[in-house]
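Below, subunit A partners subunit B and then partners subunit C, in two separate complexes.
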Partner chain A sequence: MSASQSAVRSRAEAVKVSRMFDWFILWAVFWVVLGGYHIHYMLTGGDWDFWSDWKDRRLWVTVAPIVAITFPAAVQACLWYRYRLPFGAVVAVLGLLLGEWVNRYLNFWGWTYFPVNFVFPSQLLPSAIALDVILMLTGSMTATAVLGGMAWGLLFYPSNWAVIGPLHVPVEYNGMVMTLADLQGYHYVRTGTPEYIRMVEKGTLRTFGKDVAPVSAFFSAFVSIIIYFLWHFFGRWFSSTEFVKAA
Partner chain B sequence: MKILKDKVVKLSFVALLITITAAMFYTPTASAHGEKSQAAFMRMRTIHWFDLNWSKEMVPVNDTMTISGKFFVFSGWPETVDKPEVSFLNIGIPGPVFIRAGSWVGGQLVPRSISLELGETYDFKVLLKARRPGDWHVHTMLNVQGGGPIIGPGKWVTITGSMSDFVNNITTLTGETINLETYNLENTYFWHGLWYAIGLSWMFYWIRRPLFIPRSIAVEAGKADTLITATDKKVAMGFLAGSLVLVLVSYSMTEEQYPVTVPLQAGLLRGIKSLDLPAPTVSVKVEDATYRVPGRAMQMTLTVTNNGDSAIRLGEFQTAGVRFMDSNVAVDDTGYPDDLLAEDGLTVSDNSPLAPGQSRTINVTASDAAWEVYRLADLIYDPDSRFAGLLFFWDESGNRQMTTIDAPLIPTFI
Partner chain C sequence: MAATTESVKTDAAEAPLLNKRNLILGVLLYVVFYAWVRWYEGVYGWSAGLDSFAPEFETYWMNFLYIEFVLEVTTAGILWGYLWKTRDRKVMSITPREELRRHTTHWVWLTCYATAIYYGASYFTEQDGTWHQTIVRDTDFTPSHIIEFYLSYPIYIITGFASFLYAKTRLPTYQQGLSLQYMVSVIGPFMILPNVGLNEWGHTFWFMEELFVAPLHYGFVFFGWAALGILGVVNTEVQALTKLLKKDLA
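Now for the complex of A and B:
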């Protein structure tokens, strides 16, 4: 077979090879994104995602969406502009959550015996679906950044409330009021995580009474818009093809 | 010759493989907490733990034990470590093998960070409930913001039974009694599982048709718009609307089921009550102090003045949790960890009772392998070669009083 001849001999064979190529690429993309996104999220979101007693209404709501919109934006840029595939955000978050769950179950529970109800990851899939659908319907990076980034930030807290809400039930413990999440953090000893490094309920946002989460979510959403732009361009650059002339 | 060389190479390779494989099978449990690696000056000049008591050495799952005692926040706190203005009474155990059912400093529950004063002594208690069977090294521990963990003495405690029997029942302020070990677990799995399934179905909608090569060709050919059909848009809108509705429903259901929730609690507890100890009637001046490296012994020349009304004798020198005792004066009956106790490790040149109003210069030697084992000898490599510790004197009635010493330490190598 010469270089000018086709590697396949029929249309049916071409379709089969193409599909096989699809599965290979999808498989590789899933695991590569899982690995990269997971490391990135653990380094930047870290404790806010690890522990229920870090999932507060101020800093977790602000930090987690901002650091999490990165890879979805980049993967979207690649899959949409080169293939018109609108599942970049969802595939990235599916990868991240699989990695997080494997980590939480095998490491946090399997090795160190922290109960899973204390170390579950944050929920990002509703935000990811919104991001993908907005990109698909508008076909515009700017619109996706503004509307999608906003939706990404705003949906985060309500998406997670079904799981963290029950842990915010108050309890009186030896004369002090704590949430069940606080009590988990106190009971399940973390030798390397003293209470003072827990960054919750800090800041100067005190003029909204108890309704802090929506304000934090709006701030997070605004910053998510900016981060979306930035990482979208990373994705575009990363998936671009350059041909150079042979010397 | 070449055959011989090849054989040597092959056998060496096999030997290397066997060595690596054998090494893999040697996986001892890492049970300690690096207490010996912590800089010696930090252990000697920050928190002095004393009168420690581990209430049990064997605890069944679900049973409790306490660690209690006192700690002195050293007045000569090193400048290289931030002062304990924000601290946390922790416990040094390998993960949640116990749960911390309670911890108190000065009688105050301390689930939060606390502010401590230099030169003060505090009593503390930690209540632990056994959770995971095994032999565990249980340390006292104080975390200091800007200073790191300051680990105290540790003792081996055995937990017996089965972890599957462990329960952690809590009654909430809404009147519900729950087992915190498993509470909310099914709910967590349900919502994460459901959203994962929805995410997968969105993926499945797209990956059931050809993906990369034909779509790339179409995009390159300027036919990208043909790749998204009207049906695709309807399905996408359905996914978006469905997701929004589901978020709203899940939020409302949670609000309905848990109408009373409060934010996470955090803050710094100030005004922790220290122990009101009587002022010592003994004064001690360190004339000089040397550490003899080959002999693993510290020698001090002390001038002791008895300002009290009863004769006294020096019975114990304690530093970094290691207790050097003169058994003629005092004997430990608390079951203190053997490796940290030198029952006859304190030698005093003249330890006859020092009468009230008298002053005497004595040579004190604190010698034990613990200097080396606990790497306290590494003090000579610290940037601020000073040592510190507690001296305990006993009077004729058996009353004990404590003084502190803090002085430069000169190493001798011959």
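Now for the complex of A and C:
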């Protein structure tokens, strides 16, 4: 390419072309990250996310934030450290939520006929906003990992409380006490997922009674901090522009 | 005056930087095709897709599988062959404007790849979850697998490799070797398809139950991470475009 030649005819065209590529990049990053994030999330925390009767006070609160902080950390590592764009976590989570909502409505409801109030996805946006705001205010990966990762885990249960609270109301059914969410699960039978593989409220943590959710959230926040560190560096590696020689 | 008129004529005859028709048709192709596929699943999933030993299963699902295999191999052969056969052998001597035009076309390919990845990794994969958690399978080739594994995955693989081939054969940026993250973002998701072998082998042990978070599925997760290679592709492209536009934007 000759240095004397220009790719565009005017500054106005250069600006226009630059904006066009902004939209291209936004589209591609959004949908590809959505795809990668969604397949990761559905296969590491999906069962707790699919069904309201899996959304318990212990394992859902623990597992979902830990496996969900991965892609937001990686996307932040690219968008903030390369372009100073403070919305990596929100973009990733918006993509995940869109993919989930489309699926829950068109497939969980549209193909296998489970009601939407049994299969709604978990809410992650408040956690993502906190993660982005902390990164923007501190400009520090370490502070974001520690404070943001902590906030990510702790905010998860409160973010979902308004939706899941009514389904955790206890009911008596055939002489047994259970939650409304449990009752939904018994009525909407999933033949391929029998009751004995439902992982909810297992173990002695239940002896903590009302403290189960806060303890689980605190543990989740602790692991989220570590996962954030790890995935920040994954994100840096995935952002590299290295070329290798053909083998 | 004459020179100005001549210049305008040249501009008018020149191909636009972005071929909007290709962009819109490319994305619409996936959206319309998959809308039809989803309709087919809705109609024939329940009516002919529950028992793999039934004759109607052969008619509506196995024949669908055989046809898609043939079409996928044919499409991949023709598309990849065309891109390779028509490669630019003097790619380093193109004008900056032509280079910019090709970057734009390359982004049309990446847009199509992003759309295809969404349908494969998100839409049809989670759909597979609700189908198998609801319906007990008696074959690997269930209605949701015939669409997810053997249609939507090959389609994004075909599109991804086409995008990679376009960049490699037509853009000076990619002549300095093989872009590591481009390969990660194309080959990683491709590896999800061979991983189906592990998955189905495992399901011969746990045939009746579908636990989506089972470790058996972690191969899909690992290769799904590779989609993040798109970040490296974006950064490579931004560097190239910055070089092309920098002095005009300054």
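A few comments on the model shown:
Here, the second predicted complex is superposed on the first by the 235 of 247 C-alpha atoms of A that agree within 3 Å, B and C clash if a C-alpha of one lies under 4 Å from a C-alpha of the other, contacts with A are read in each partner's own complex, and residues count from 1 in each chain.
FYI, a residue touches a chain if its C-beta (ideal position, glycine included) is under 8 Å from a C-beta of that chain, and two chains touch if they have at least 3 such contacts.
Note that the structure is a prediction, hence the values are computed from the model and not measured.
Judged by the touch definition given at the top, the superposed model places A:Asp53 against subunit B, while subunit C stays out of reach.
In the superposed model, A:Ile25 makes contact with both subunit B and subunit C.
In the superposition on chain A, A:Thr112 makes contact with both subunit B and subunit C. In the superposition on chain A, A:Leu97 contacts subunit B only, with no contact to subunit C.
After overlaying the two complexes on the shared chain, residue contacts for A:Ser159 are found with subunit B alone; subunit C is out of touch. Residue contacts after overlaying the shared chain place A:Arg82 against subunit B and subunit C alike.
By the touch criterion defined above, A:Gly175 lies against subunit B but remains apart from subunit C after alignment on the C-alpha atoms of chain A. In the superposition on chain A, contact is made by A:Thr44 with subunit C only, not with subunit B. In the superposition on the C-alpha atoms of chain A, the part of subunit A touched by subunit B in one complex and by subunit C in the other spans residues 15, 18, 21, 25, 82, 112, 114, 190-192, 194, 197.
Of all residues in subunit B, those touching subunit A in their complex are 33, 86-88, 90-102, 109, 111-113, 131-132, 141, 143, 145, 149, 163, 168, 170-174, 176, 178, 180-185, 187-188, 191-192, 195-196, 198-200, 202-203, 206-207, 210-216, 218-219, 224, 227-228, 232-233, 236-237, 239-240, 243-244, 246-248, 250-251, 253-255, 257-258, 260-266, 268. Every residue of subunit A that touches subunit B in the complex is listed here, in rising order: 15, 18-19, 21-22, 25-26, 53, 55-57, 81-87, 90-91, 93-94, 97, 101, 112-117, 120-121, 123, 125-126, 128-130, 132-134, 136-137, 139, 155, 158-159, 161-163, 165-184, 186-192, 194-198, 200-202, 210, 212. Note for the complex: subunit C touches subunit A at residues 11, 17-18, 38, 41-42, 45, 94-97, 99-100, 103-104, 107, 110-111, 113-115, 117-118, 120-123, 125-127, 129-137, 172, 176-181, 184-185, 189, 192, 208-213, 217-218, 220-221, 224-232, 234-239, 241, 244-245, 247-249.
Contacts from subunit A toward subunit C in the complex involve residues 1-2, 5-11, 13-15, 17-18, 20-21, 24-25, 27-36, 38-40, 42-48, 50, 63, 71, 74-75, 78, 82, 99-100, 102-103, 106-108, 110-112, 114, 119, 190-194, 197, 234-235, 238-246.
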